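Here come two complexes built around chain A, the first alongside chain B, the second alongside chain C.
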Partner chain A sequence: MANKFDINIRAEQEYAVLETEGYLNDALGEQLSQKAQDLIEKGYTQLVINLAKTALINSIGISILIEIIEALDEREGTLNFCGLSATQERTFRMMAIAKYAGIFPDEKTAVADFQ
Partner chain B sequence: MPTSSAEETIQRLIFSLSELEQLGQTLISGHSNFNVSSKTYLRITLGTLQVTRGAILCYHPTDNYLTVAASAPELDSTPIEIEPDEVSSILDCSHVEIGSPPEELQDFINRNSDLFNGTAMHRLWVPLKIHDEFLGILGLGEFLGRDKLEEWEQELLTILAHQISIAIAYTRIVEGIQSEKFRLFMLAESAPQICQLLQPEDAAEQVLHQAVALLDANMGCLMLVHPQQQMLELLDAFPKSLISENGDHLQSISLKDINITSPETKDKTALNMLASVVGEGRTNRCSAKMDDVFGGRNLMVGPIQGRDGDILGVLIVGDKEERGGRTLEFTEEDEMLLDSFAKQAGVAIENAHLHQEALEARELQSEMEEARKIQENLIPDTLPEIPGYEVAGYYVPRGPVGGDYFDCIELPNGGWGLSIADVSGKGMQAALLMATLRAGLLSEISSSKARTDTELIDMNEELIEMAMTLNSLLYVSGTEEKYATFFYSHLNPETDLLTSLNGGHNPPLIVRKDGNIQWLGQEIGGLPLGMFPNEMVPAIAEYQAEQTKLESGDVVVYYTDGVTETVNIDDEFYDDERLEQDAIACADNDAPSICNFIQKAVTDFQGDADQFDDLTLLVLRKK
Partner chain C sequence: MSVANTFSNDQVLLTIPMLPDMELAAANLASFIAESMSFSDEQIEEIQYAMIESCINAFEHSRSPDQNVFIEYIIRADELEFKITDQGVGFSPENRPVRQNGQQDLYPEMRKRGWGLEIIHALMDKVDIRSGENGTTISMVKKKTNEGS
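So, the complex of A and B:
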């Protein structure tokens, strides 16, 4: 895995998808948090975070994801994850992230959940 | 306080208490943390106290600095350095009037005057703390419609600050638990995951990535130990750019003559630390200022041990990060975590290597079986009958496929060609080289020009020409290590003349009817075939031929070194002398019996000793 990291955003009318690429640590996590916050400020309450291109997440990345869930929760919004590896999915369930956010295999099913 | 104002204040208080209760419940239920709710806490505080500006600064004790958690209006988010004695001074106060601060804080305020003057922090600070643990500062700017807070407002401010302190402390506890939960889960999860990886490269990459994520690091390296060269060799790095950033010196790090320091030594360099981990097998760490290898990073190194305790390599992680992007030194807890993980990594890497070795062994075995088939097809099942002569051959493979070969071929000129060879190396390459030699030999002798061997010069020249052709053929077919020792005799059964050429092979033994012995071709030893190019051969040892006449009862024993180099359990060689004695003892028998006698003598001599070379004999006897 290279150290390259990036976030792609696809904002639709009712929802937005944030696709991360690279190691989800503090640097990428803060960017993700900021971009999610910007979308929430714009009124988006339905977000998908696609982690298919993120093989590695550290504890700071996890805590930032929890914060995004909380920020959306304050607006009674919904966060769905997709593209998780089997290990990431188990981690999310163990860290109780799965209790407050949806986990879906791909973007299509994650978005369909909003409808 | 006028009635309307009192009612308004009470309403403000009720609203604030209600919001605080709501926040408190959310906090305790674990559904919120201070990073998200800090703005709400600030808003409640400012609204309750009718203050227009304010900020909450959080203290980070590991590196002694403050960061802005929330502010109205926005403050610069650059971390603010604060000295431990300044922290103590703030802790000693219930609040700090910025206009008349304690002397100990004046320097801190002066250092950050740009940040504090006229901003959300320029009137009053209240320490955020739980008992004596400093958690941050609640700063206030402008008081709406008044110069200072009323006494009851100050008491309320103290309560609000306490609520904020609880929220910060609680969030830190929850974050700590979450982090430890994550790490323990990752540690437990990673073991079976990495141990399932069967490709060494995959195992190495996973080990490295898991270690980096587990330790909240921003870089990592996996290096293998070369004990003899006292060197570490890079196997993988994260991120890959680490290699280009640090140049080629990361590819291999020499530990020769580097002092081994104890893990407790504070001023050890990264090189000292690497040498210590390899030498003593204990996890170790060093600070960024002592890193002389990776460009100034906080480092921690764990030994990767094999099952037998050997240090296979080292796992290096660097630049532990904390929230906000600052890097920290690794802690003792981190050291224990890396130590546990490195133990699993050792098993995973060793497993992958063992699997790879097993696969290679299986492939090699399959190749050996194929090579064996090729070789067996090249050895004649039966030998032709030569008028006036008996001929017998014996070949038994022992151990890995070798490259022994013998043959007896009728020639177009009425003569017979007897050959024996031993190709270097084992396996498929040796078998293919042997096949090449045999094909070349058949091609050469089928085009034999010499009609008779009555003129020695003609036959000599022909054999030498054949040897040069075969030498060239094998030289271009093989690698430097691939060559063949080769002995060839041309027999004219009408004249009983045996013309021989030796290409670096064991000289065959002639046992004369009268019991005398003679080593054939001993004086004409040329180079093995394929060892040097033709143009170099004359300068080293030219091929020559020699001629001998066979009489009735004479026996010629051709053999490969698997015969004379057979060893017994006392590590003694069967050697030339035993061959002489055994050949003399059985020389009166027919050729097949002689062959059987010698092979039995060799096998008996070997006894229970292991043998790794083929045993090949070719016996020619004049009736």
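So, the complex of A and C:
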């Protein structure tokens, strides 16, 4: 079953935004993790993951998001999420992700948190 | 895609092979049925997430020889019931890892995985798991709320 997905990156001077599109499963999660790791290695410690175009996430995808949180935490960085649906936010809070990453309604507020 | 759909009054049957992303087929059918019953958008999303996790649970853990998952969608006036069945080795639901909300350490490996059943319990109104040496059936019910009408 074809799952079309994509990741768009907008790297600014102080932060970068990774915008996912499609079902966030292990495949998209691994791609996202690799791109986040590339940004971290370039020195970015403030990342936003925009999930507005990702309608569905599975628990494997979420586990990979946790790995990104951990990778940033090692650099004393910050990961903010935005564009979550109600169920996504509820799931993130249940899994305690909200304790270690920011959750914001949109990209603007997620980026503003870095200021 | 080896999928068989059978409509029978208030029941829909779907068989999906344990292949990548086939859980989306099960979730999309659940969404279609729930939407036709006027469940709210949020409830439909909750159903999709629970269905995805139920299928993934079977894919990852059942070790089913036929590599299929059988799904019943049972339509009632005010609720939808889903029965997700595999013919695998079974497991003990009582032995699943239990976490307290928000109180776990960030780093232990176990924390990243094993959330599927907890997500299902959190998102559905009623969940029952029957598991034995001939396989596992997860039954889950979503009741239609007034807001969803």
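Basically, the second predicted complex is superposed on the first by the 113 of 115 C-alpha atoms of A that agree within 3 Å, B and C clash if a C-alpha of one lies under 4 Å from a C-alpha of the other, contacts with A are read in each partner's own complex, and residues count from 1 in each chain.
Note that a contact is a pair of C-beta atoms (placed from the backbone, for glycine too) under 8 Å apart; a residue touches a chain by one contact, two chains touch by 3 or more.
These numbers come from a predicted model, not from an experiment.
**Q** Under the superposition described at the top, does placing chain B and chain C together on chain A give a clash or a fit?
**A** Overlaying the two structures gives a clash between chain B and chain C.
**Q** Once the shared chain is lined up, is A:70 touching chain B (first), chain C (second), both, or neither of them?
**A** both
**Q** In the overlay, answer first, second, both or neither for which of chain B and chain C A:27 touches.
**A** After superposition on chain A, A:27 lies in contact with both partners, chain B and chain C.
**Q** Taking the contacts chain A makes with chain B in one complex and with chain C in the other, which residues are shared?
**A** 1-3, 23, 25, 27, 55-60, 62-63, 66-67, 70, 73, 87, 90-91, 94-95, 100
**Q** In the complex of these two chains, what residues of chain A are touching chain C?
**A** 1-3, 23, 25, 27, 55-60, 62-63, 66-67, 69-70, 73, 85-87, 90-91, 93-96, 99-100
**Q** Which stretch or stretches of chain B touch chain A in the complex?
**A** On the chain B side, the touching residues are 31-33, 35-36, 175, 178-179, 181-183, 185-186, 189, 193, 205, 209, 212-214, 216-218, 238-241, 321-325.
**Q** Which positions of chain A touch chain B when the two form their complex?
**A** 1-3, 23, 25-27, 30, 55-60, 62-63, 66-67, 70-71, 73-74, 87, 90-91, 94-95, 100
**Q** For the complex, give me every residue of chain C touching chain A.
**A** Per the touch definition, chain C meets chain A at residues 1, 19-25, 27, 42, 45-46, 48-49, 52-53, 56, 101-104, 106-107, 111-113, 115-116, 118-119, 122-123.
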